[in-house]
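In the two complexes that follow, subunit A is the common piece, with subunit B as its partner first and subunit C second.
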Partner chain A sequence: MSLKLENVTTTVGGETHIDNISLELSPGTLHVLIGPTLAGKTSLMRLMAGLDKPSTGRVLVDGEDVTGVSVRLRSVAMVYQQFINYPSFTVYDNIASSLRLTRLSNHEIDLKVREVAITMRIDPLLDRRPAELSGGQQQRTAIARALVKDARLLLLDEPLANLDYKLREELRVELQELFKRRETIVVYATTEPSEALMLGGAAVVLDEGRKLQSGPTLEVFQNPASVAVANIFSDPPMNMIDGEIVDGEARLGEDIRLPLDGHLGQLSPGPYRFGVRAGHLSVVSSPGHEFRFGATVDFAEVSGSETFIHIRHGGAAWVVQEQGVHSFDLGQPIDVFLDAARLFVFADSGRLVAAPAPAGGGTPR
Partner chain B sequence: MRPRKGTIGLILYFLLLLLPIYWMFNISLRTNADILNEFALYPADPTFANYMKIFTDPAWYSGYINSIAYVAMNVLISLSVALPAAYAFSRYRFLGDKHMFFWLLANRMAPPAVFLLPFLQLYSTFGLIDTHIAVALAHCLFTVPLAVWILEGFMSGVPREIDETAYLDGYGFPRFFLTIFVPLIRSGIGVTAFFCFMFSWVELLLARALTDTVAKPIAATMTQTVGATGLDWGLLAAAGVLTIVPGALVIWFVRDYMAKGFALGRV
Partner chain C sequence: MNKWQDNRAWFLVMPLLLIVALSAIIPLIMVVNTSVQDIFGPGNRVFVGTEWFEEVLSDRRLHDALRRQLTFSGLVLLIEIPLGVAIALAMPKRGWGVSVSLVVLALPLVIPWNVIGTIWIIFTRPDIGLLGVLVNGLGIQFDHTAAALDAWVSVMLMEVWHWTPLVALLAYAGLRAIPDAYYQAARIDGASAWAVFRHIQLPKMRGVLMIAVLLRFMDSFLIYAEPFVLTGGGPGNSTTFLSTYLVKLAVGQSAPGPAAAFSLIYFLIVLPICLVFYQALQNVGTGDKR
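Here is the complex of A and B:
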């Protein structure tokens, strides 16, 4: 099966929720919709599922127009961000509910339910009701419900967003394994770049109802087509600074001067916006990070085993991501080190003109 | 000391509340001569003669049967009309939905007496006077809006995604509604039924005006105990006690959800 959206637009009460999006989704691939909240991820999924009808444009399944076809007649399964199960049914009946509407015998249904329950590790809970389960178990049930259907289109709308950190990590790994074995079109919506990168597949970057960029996830991450994509697909958002290329060197902000090496080499003189991800800045000098500039600390926050140092250089507010737990005083002047090989260069219009060569090995940040 | 003071206060309050009911029960167990002769805190010589008369005299017990018949009809009609209406108000947006929803409740604000004349005229045209269904339908004017409001509140508490999940699963609307949705708002349906019951059970004006002999409600029978010999106190009190019983029974079943019902399901 292939799913194709052709110039779909939805307007609700004069507001445009989806703005002229065309997409082609192929089976056996995981498609990640990435975008901030209100980007239109859920709206787009509802269009794919057939829960909503686009105002204009067409939805094609295997080349056949299904724009107005009821969701009941399509082969779709969906997992919501909220844990949606039938509260009055047991876990077993919840999983079996869609199968009971098919022509399968009770024995076949039983086999399938138990199999998927074991995969989602909820087999000891089959007799309980959803209200007696923890959040993670409820979402496992919801995912099991979706998986057991063997639908040709599987939609997951931020399925892990309402779970705590540990559970999220655990389920993410399991889901990744599950998706690999499927011949379905899987669409997965997320706000988190790290989740998108982990799932891989193909990414579609959305913002304010528009498609900004699509392509293999890693490629989009390494070559964000615009400043907006770079911000959405970096966590924290990519640090941006205005600068220019004059006299054979790049001048960033007030006093950063960089030679035009590597990917910066072919750039013609003129004004640019330079971007660098927080992970590619450092407060300690190391090979690669040799360009030093002065900044003051606005504040620092510790998250897990990492420290995010919010700094100010000239007028620009930047974030430096540093491994380990560090403490800094407010307003403390520090030296920040920059790796010129990791700079993204955008034209004044916001379009990408030069991206760093992909780093060999190491996790992309 | 405070909790004990509170307890005493509560006990006093309940005694005050229960006093009239107890007094009615007390009178119902005594003969008329006894009631009029002396003041007694409890019946010295209890008799069930009053109750026996109600259970054996068709003029009396048919009153209960009539009341129960039209109340049951009213509850059934109200629920079967209000369930789909409330679902529509809770799940769909349509032209003028908010105005219509409010207008339903505004209907509730008119006193039943206002509608008495039109009802009489209308029902006599269709030959419905003195039938159970006439009273049941007349009461629907008041119970349906109430039922729609209460049920809408309960239904809006069920996430819309449940409906969508059912459609994704392949459920048709009737099957989804009956097997998945209705069980989720069971308590709401119970409370709604209670409020419909309560209105219809105690409403006297319409019930009396629209009936004659065949469908005469118990409350109307009770107003006719004034005979040439004066009031039949004991009989009236016994009838009163029996009128409370069905209401008390229904309250027992929905006691946990009453508060939510009074808030029209919006807690």
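Here is the complex of A and C:
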């Protein structure tokens, strides 16, 4: 099956939730919807599922117009950010609930339920009720409920957002494996760039109800078409520095001067916005990072095995992501090293004009 | 300095101790004291042991009152809980209708209890009352001061009118706490409205319904003001509940000894119910929450 959205728009009470989006989703591909909260990810999924009817535009399944056709008549399964299971049913009955409405025999249902329970590793918990499960187990049950239907459209709306870090990592890997083996259109909404990159597939970048960019996930990550996409698809958001190209060199920030090498070579003189991901800045000099500039430390935060150093240079706030745990004093002057080959260049309008060549083994952040 | 600090806690605890002593402990001890004596007048009393308890326990009127009380509380639960849930389900989920229905529902709850009795006296009067005239106009003889059944119908109607809104409000709060995703998931599963009620709404309302059942049982078991004002316990003794009877005994018949013994027995009936209430409320939070 293929799913196609044609110029769909939804307006609720004068507010536009989805603004003229066209998309084509093909089976066997994982589609990642990435965007900040309120970008319209959930609204778009509701349109795809048939839970809502678009104000204008059409939804086509296999070329057939299904706009306004009830969700009951479509083949859809959905997993939510909250752990949605029937509270009074056991795990077994929860998984079986959607199959009971089909014409399958009890024996067939039993086989399917047990199979998917083993896949989701909840087979020892089949007799329990949702309230007796941990959060991760509840979400596994909810995912099993969705998988068992073998629906042609599987929607996952930030399914891992309410889980703790460890469980999230674990389930993410398992889900990735599961999606690979399916002939289903899988749509996965997330706010996290790292999650999108791990899942791969095709990405659709959303913001304020509009589609900003779509394409293979890695490609979108490497060539964000605009400043907005670069910010959504970087965590922390991409550092943006105003600058210009004059006299055969790029001048940015207070005193950073870069020669026009590599991908910067063909740029014509004029004002630009330069972007660099936090992971491509460093506080230590290394072969890639040779351009040094001075800054002061605003503050530093340690997250896991990484340190995010918030610095100030030329009146602008930057973030440097450094491996390992480091400590810095507030207001401490610091040398920061920049890799010119990793600079994104955007025109004043926000449009991408030059992207660094894809690097082998760069950190996917 | 140290000593002063150590003793300061007494000043903080004292007011509470005083209030509890004056409002609960001392009256209770006086009731116990009265229940084992025959009092003829000031300074003229005789210790009678368990005589009053024996008399009260074998009193047929007490048995009748207890039976009526249990019937009343049972009927209250049977009518008010399903009706409250039905009202909550029918209430609007958003828009201006929410505030309107909430205010309308809350109205009976904010009227003083004895006023409620008075309202219903007038409402059900066969000569001038809206309900009384209407029902009698339909050819049905209705007078709660004359027929026991009519009195029961009136008291039940008043009770249901007065307290169903509380159940409805609790159930409504429970319903509103269910995330929208549950309903979406049910729609995707193709669940019927009944299945949604049976498997999502009812289990998710379990906690608040538990509270509603216990509150209504307790309240109706101790009911006094409204039926007393409406029927005065009559006609005959047909709407005399435990508390009504207790007051008749203590005030009407000036029999402090039996009344005190009765109070203690009443107290011993209520106490275990309180314990159940407390236990159940403790479990509500930990039980079926998700």
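Convention: the second predicted complex is superposed on the first by the 363 of 365 C-alpha atoms of A that agree within 3 Å, B and C clash if a C-alpha of one lies under 4 Å from a C-alpha of the other, contacts with A are read in each partner's own complex, and residues count from 1 in each chain.
In the analysis below, a contact is a pair of C-beta atoms (placed from the backbone, for glycine too) under 8 Å apart; a residue touches a chain by one contact, two chains touch by 3 or more.
Everything numeric here is computed off the predicted structure, so don't read it as measured data.
Superposition note: with subunit A as the common reference, subunit B and subunit C are in steric clash. Of the two partner chains, neither subunit B nor subunit C is touched by A:323.
Contacts of A:98 after superposition on the shared chain: both subunit B and subunit C are touched. Contacts of A:51 after superposition: both subunit B and subunit C are touched. When the shared chain is aligned, subunit C comes close enough to touch A:130, but subunit B does not.
By the touch criterion stated above, A:82 is placed in contact with subunit B and with subunit C alike. When the two complexes are overlaid on their common chain A, residue A:138 makes contact with subunit C while staying clear of subunit B.
Comparing the two interfaces of subunit A, the one with subunit B and the one with subunit C have residues 49, 51, 71-72, 76-78, 80, 82, 84, 86-89, 97-98, 101 in common. Those residues of subunit A whose C-beta lies close enough to touch subunit B in the complex are 49, 51, 70-72, 76-78, 80, 82, 84, 86-89, 97-98, 101-102, 145, 149.
Across the complex, subunit C meets subunit A through its residues 179, 181-182, 184-185, 187-191, 198-200, 202-204, 287-290.
On the subunit B side of its complex with subunit A, the touching residues are 159, 161-162, 164-172, 180, 183-184. If you check the complex, the residues on subunit A that touch subunit C are 46, 49, 51, 71-72, 76-78, 80-84, 86-89, 97-98, 101, 129-131, 138.
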